[in-house]
Amino acid sequence: MEPRSKSFWWLTAFFALFVLFLYGPTVTIGILSFQGPDGGLTFPMRGVSTHWFHALFAQQAVGDIWGAWRRSFVLGLMVMAVTVVVSVMAGLAFRKHFVGSGVLFYLAIASLVIPSILVSLGVGLIFNEGGLPIHWATSAFGAQLTWTLPFGLLVMFAVFNRFDKRYEEAARDQGASAWQTVRHVILPIIAPPVIGVALFGFSLSYDEFARTLLTSGSYNTLPLEIFGMTTNVTNPVIYALGTLTTLFSFAIIAVFLGVVWALGLRRRRGGSDAGKSV
Amino acid sequence: MRTPNDLELVHLTKRYGTTVAVNDINHVFAPSTYVCLLGPSGCGKSTTLRMIAGHETVSEGGIILNGTDISRLPPAARGTAMMFQSYALFPHLTVRDNVSFSLKMKGVDKATRAEKAMKLLDLVAMAHLAERMPAQLSGGQQQRVALARALITEPRVLLLDEPLSALDPFLRIRMRAELKKLQRETGITFIHVTHGQDEALALADEVVVMNNSVIEQAGTPREVWGSPRTEFVARFMGGHNVVTFGGQRVALRQDAVRIAAGGQPATVTASVTGIEYQGDRVAVTSRTELGEEVVALVPDAAFFAQPINPGETLGLAWDEGRVHRLEA
Amino acid sequence: MRTPNDLELVHLTKRYGTTVAVNDINHVFAPSTYVCLLGPSGCGKSTTLRMIAGHETVSEGGIILNGTDISRLPPAARGTAMMFQSYALFPHLTVRDNVSFSLKMKGVDKATRAEKAMKLLDLVAMAHLAERMPAQLSGGQQQRVALARALITEPRVLLLDEPLSALDPFLRIRMRAELKKLQRETGITFIHVTHGQDEALALADEVVVMNNSVIEQAGTPREVWGSPRTEFVARFMGGHNVVTFGGQRVALRQDAVRIAAGGQPATVTASVTGIEYQGDRVAVTSRTELGEEVVALVPDAAFFAQPINPGETLGLAWDEGRVHRLEA
Amino acid sequence: MSESAKGWLLASPLALVLGAFLVLPIGMIFVVSFWQATEFSIEPAFSWENYEFLLTSPVTWKVFLATFKYAFLTWVFTLLIGFTVAYYLAFHIRSAASQTALFLLCTIPFLTSNIIRMISWIPFLGRNGIANQALISLGVIDQPLEWLLYSDFAVVLAFVHINTLFMITPIFNTMTRIDHRLIEAARDQGASGWQILWSVIVPLSKPGIMIGSIFVVTLVMGDFITVRFMSGSQSANVGRLISNDIGLLQYPSASATSVVLLITVLMMIGIVLRFVNIRKEL
Amino acid sequence: QEIKNIKLRQVGTGVSNLNEVGQKVKEDLGFSLDMTALDSDAVTQRAATQPDSYDIADIEYWICKKVWPTGNLQAMDVSKIKNYDKIVGIFRDGKLTPDSKIAQGTAPNTVGFVEGPGSKKFAPEQTQWMTLVPTIYNADTLGIRPDLIGRPIDSWAELLNPEFKGKASILDISSIGIMDMAMVCEAMGKIKYGDKGNMTRAEIDQTIAIFTEAKKAGQFRAFWKSFDESVNLMASGEVVIQSMWSPAVTAVKSRGIPCVFQPLKEGYRAWGGGLGLSKSLKGMELDAAYEYINWYLSGWVGAFLMRQGYYSAVPETSKQFMDANEWGYWFEGKAATADIANPFGKVMAKAGELRDGGSFYERMGHVACWNSVMDENQYMVRKWNEFIAA
């Protein structure tokens, strides 16, 4: 192993501080979620208990966390699926240099940079004026897509910029139809970043507040619910929720890493003598 | 001689916007030959090959295989198969699955697929590594898998775009022998793009030299090397001096130039500008009074018996009969 | 002969974990020589070069330049400069700024910088393209810029890692002549890594052949090619047959093998397995009764006067004096 | 079918979604921005009144200024931190596996609800929060620091916390594509660590920096909730102005503010895009 | 269709959109009530712009003033409301007792009735058609931390007392906040208002100017917008004096932190909420909604709300659902005879403690103004934005 330079240690320290900063609130939430039954949202701790985790699964005074969670989860899955499919399709499309691709691309960029409350407002207005029912699965769904799709698209650009076109040509040469090429060659090769897009799409949707605010209709998604909860006596239940969310994220990422690792394992299977001559 | 099974390019042209990559070329490839397509970078070799394979649309002209124009067919329907530079093996499939890919696309059942793939892997001596992933193979092994994958479609014509360029010279020489052997065994026409003239000479039954989007000369290696039609071919194929002789551009083989020792009659006098050792021979470069560079290939024993240093003046001689007239 | 200005490697070793990339090598490079470091892929050439340049730490041993151990100094303080494979020109800087980069780092003022850069660009005949960006240059032009950039630091030793590998063969031959010329003009020691033996023979004052992390043989091209020490060197340098003769492994130059026509006495009989056309010569490969492959290089005229086909049996002859004994 | 037609076919879902949920709504906002509102209802009409008020009101200028201030400060800090972290990951972490692992480590907090994370700053930064208590018990201060919470400091801190990831990701992405031989070449040419950083790495990371800046600046410019939470409602940015208007059912005025904000943001991004070809640099 | 298959959707803030109510409805009436809690801005928006997204809107009277003219709510037939006659006078003729004066601002009676089913104009008198059925209301004042202040507070003017520099707070909801400001300015004697509930531009300017100056001087620690924020500000000691809601004070106290809902000599700022019916409600759903409203006024919910410190619109019926100790403590302002628990079982007051502000009549009788929407509302909002941005 090469010896490490001094700057390496400085940077490691900086990185550690940064991670500490990132996790500061997460850790605070983690600690406070174990408040005693009489504890509040702030320090000091008044005893230590898992009371609030139990409370999380019981009925709340206000609102319906689990209903909201179910909606957010379903919505997240919907957004995830559509984001993956549409952005992969669009990624494929943009390699074809079709007329107007520039306009569409800049539209996607615009979609990314437009402040989210405007989208919320606009979608709300359109549905109102058009007499369409505002519902989390229609208007909120659409509003969230304006945020996750450009993201997915950018990732797809990054993926296809690095994708060797010869794989496709080889597939076509081997008699694969356009669909077979996508199904048997392109998708398997780009699978890891696509899984990344899926994860990202899900979590962006799951945590989206502003775009859902004016578009969710009768029922709240989780972020709105949490915000709604703050209009009454809030208690460490929301910290318990935060802690569980974090653990949930850890689990998802672990699964993701597991899948990627398993894919890699399959590719490595059978040992290797790559690099050695014939 | 025309046979029904040959491949013919008819007025084949490819334009990218205003640049013409392939300019109205006509050529007939005889069946069961090993053809090398040779030329400097950017001359249109890859484009020609890719048009034949169907990975590039034809701007004008046609490609006739076995009597039918295949130039509008999809790649897999043409009876050609392509082997790509750096092989383009599917990284997510095992060696066997790579080879049986086209059968899977056709819907052939698993057992038949595996059997046929193993037969081809046997042919290229890779059956023992059928379960490996491409990343676990060396360059030479990857090449063989790519070959097997191309051959499983039972093509009439196999197209190879610089298949050896990623290998080190040692390996390259071994692999080209394998290619040649395989071509002979299968009887398929191989069209092999390269820009190494030694490779082309060693491998080909027919050498096609391209330059500036057109075919400059085609023929057996001996024809092309021995009787270059133009100055470009003479220079590009190597081993020749191009000099002006009696107001004419001529090619003169480097090994036909003698250094006139002592009192021997010299055709020209020249001053030595460079000495390049080549192992069993030494290339002596000198500049004639006309300012033309002439290389003489001298056997090493002869050279070291009477070493020459840059800056010296010497006489060069050659037999009139060895001078080869070039077209303007 | 030791001079104060030479570069010496002393017990130089490099380990990556458990793999030994360079194993205890010792060598003295004489000043103002053109050295080619040659060997198969993975033998440790790049690692050696990078240790000299200071881009890789030394596991053991030392590197002595001009009497001081430079093996712990930062790259720029060593008196060496490196030219990278595919050149590593800064893509965001113009040609001129690339060349004057090191001066800028030293804080030299703008005018001086520009002046000096232009002088070096002149040297490599690139002054007219000083304002271009690297992406706008051809491979050969990029190489010259990289050379100018390396030379501006006035190194004692210039290290080149496969500088020609990205070029097509035509260009490669031209560029190697330029390298050689430049080395002669500047009087700097060039250490050039390559795995092309023809390149090494043509360029080098000294050839260093590496294999399996050690130096297998070093010497002038003529020494190394003409008197290979081991079977590996003989095979790797090319142009030799390695056969067993009187119970001993010997090297036999391919151009020293004659085909015994008619009633001439033959040393061995063999059956022809391959014919490879090389332009002015033809390589005839045949298998002796001992199962050893022997290549005979036959002048083309002689060959085509009496063509030989694979499968034929013929007699091979050579002079006893041309046999070169190899070390075990 | 032609390539272009195939392209459109594949891109049509994207085009449809963007058309329906972006172009139409923004168009609607644009139209509504010329309408009139009474206390109770929106009335289709054409009037410059909303814009006239907006562009002549000192509040607008102040609020836009505050918005730019937050955007700028956040941009500076996220850039410094994001660049350093990306640099560390790309150039000091050797194996790709550790790079990915550390990078994912940075993304996890991002997956916890923003609102919850924001709420949790209060026990941390408050007058009696962890930070103050720690500082007091360390003897650094003897009075709690008031400016830790409900201040511009808190706002910028939260922005940096939320948005740094958007800076790290693209910069890291470009940096991993820098050929390591360029760094060696620079070192060979006598460049010191700082010089390498400044003359080679920074220029070559520019596309990533640009893309990250676009993310951060637009996210901050459009935010309305962070500023409210972290400043204790004591500061306003444009997003809050809009959300206040929306809360008070002043849709036309909210729309007019939105249009101005949108134009500002698009102009800024337009300028950035002139210097970087996002499509190529990803 | 059976009644048990009916599902009514109610939106409102977390203040009154309590799940226990929904549960009890299911028990008592057999149909389902889905509660969605939002922050107050979002409730207004829903009510005003998305009438199809709810069946019942739980909103405040001042919000009603803005929402009603959109036509998204339908008027309710008084004759179908059983306990109409028992509803506190405040919500009918505006008078708590026959001789009380109607306070300034958007008093509930001024926006409580319309002329007819389709009318968008409020009626000055009681009519057959009600806009909202009152459910919950209270009189707000300043909350203080007696332990940190250590002296009696008796006037709204104390909010701007430099003594509390950096430790004061008000609401960041303009319609409510402006009223608090007016109470303060008036108490300080700086401004004499014609009608605090309907200020002139000059009055608005003056009021905002005074507070802007204070803000710049660092008087305020923060402004709050949600219930929760006010609790946290107070509980964590960030703020020692602020305008506050009664249950928020209770919430602070329940954490063992001393906090007083301080009655002040100038009186209270009051607010009231009620249920409105979406215009799209009809048929069996509409019947169910009436049933729900009648149930709402029949006492159980009133008691439930009163135990949290709010008041019930029909105290008489609620009394039946409370024991004497509770009724005495919460309504009559008597000392508790035993521990007082909130509906969630948490002890709010020990035996012997008195409710801040005394009895119902003492509190609701001292309302100085109601949360309001003024004629110059738009102007006021702009000035408010200026204040926030200052």
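Note that the chains take the letters A, B, C, D and E in the order they are written out, and that residue 1 is the start of every chain.
Basically, a residue touches a chain if its C-beta (ideal position, glycine included) is under 8 Å from a C-beta of that chain, and two chains touch if they have at least 3 such contacts.
Every value quoted in this text rests on a predicted model; they were computed, and no experiment measured them.
J.: Which is the least count of steps on a path of touching chains running from subunit A to subunit D?
T.: 1
J.: Max contacts between which two chains?
T.: A-D
J.: Where centres are the averaged C-alpha coordinates, which chain has the largest centre distance to subunit B?
T.: The most distant chain relative to subunit B turns out to be E.
J.: Just give me the whole-number Å value for how far the CA centre of subunit C lies from that of subunit D.
T.: 54
J.: Measure off the straight-line distance from the CA centroid of subunit B to the CA centroid of subunit E, and report it in whole Å.
T.: Computed from C-alpha means, the inter-chain centre distance equals 89 Å.
J.: If you average the CA atoms of subunit A and of subunit E, how many Å lie between those two points?
T.: It comes to 39 Å between the two C-alpha centres.
J.: For subunit B versus subunit C, what separation do you get between their C-alpha means, in angstrom?
T.: That pair's centroid distance is 24 Å.
J.: Among the residues of subunit A, which ones contact at least 2 other chains?
T.: 41-42, 214, 227, 230, 234, 275, 277
J.: Going by the contact rule already set, what residues in subunit B reach two or more other chains?
T.: Residues 170.
J.: Mind pulling the residue numbers of subunit E that touch at least two other chains?
T.: 40, 42, 45, 49, 232, 236
J.: Using the touch definition up top, name the residues of subunit E that touch subunit D in the complex.
T.: Contacts found on subunit E: 40-42, 44-45, 48-49, 65-70, 166, 169, 172, 174, 215, 220-225, 232-233, 236-238, 373, 377-378, 381-382, 384-386, 388-390.
J.: So in the complex, which bits of subunit A are touching subunit D?
T.: Per the touch definition, subunit A meets subunit D at residues 5, 7-8, 11-12, 14-15, 18-19, 21-26, 28-29, 32, 41-43, 82, 85-87, 89-90, 92-94, 96-101, 104-105, 107-119, 121-123, 125-126, 129, 142-143, 145-146, 149, 153-154, 157-158, 161, 203, 206-207, 209-210, 214, 222-223, 226-227, 230, 234, 238-239, 241-242, 245-246, 249-250, 252-253, 257.
J.: Please name which positions on subunit B make contact with subunit C in the complex.
T.: Interface residues on the subunit B side: 40-41, 168-170, 177, 195-198, 201-202, 221-222, 225-226, 236-239, 253-255, 274, 276-280, 283, 297, 299-300, 304.
J.: Name, in rising order, each residue of subunit C that touches subunit D in their complex.
T.: Contact set of subunit C toward subunit D: 53-55, 74-77, 80-82, 84-86, 88-92, 101-102, 104-106, 149-150, 153.
J.: Going by the contact rule at the top, pick out the subunit A residues touching subunit B in the complex.
T.: 164, 166-167, 169-177, 180, 184-185, 188-189, 191, 263, 266-278
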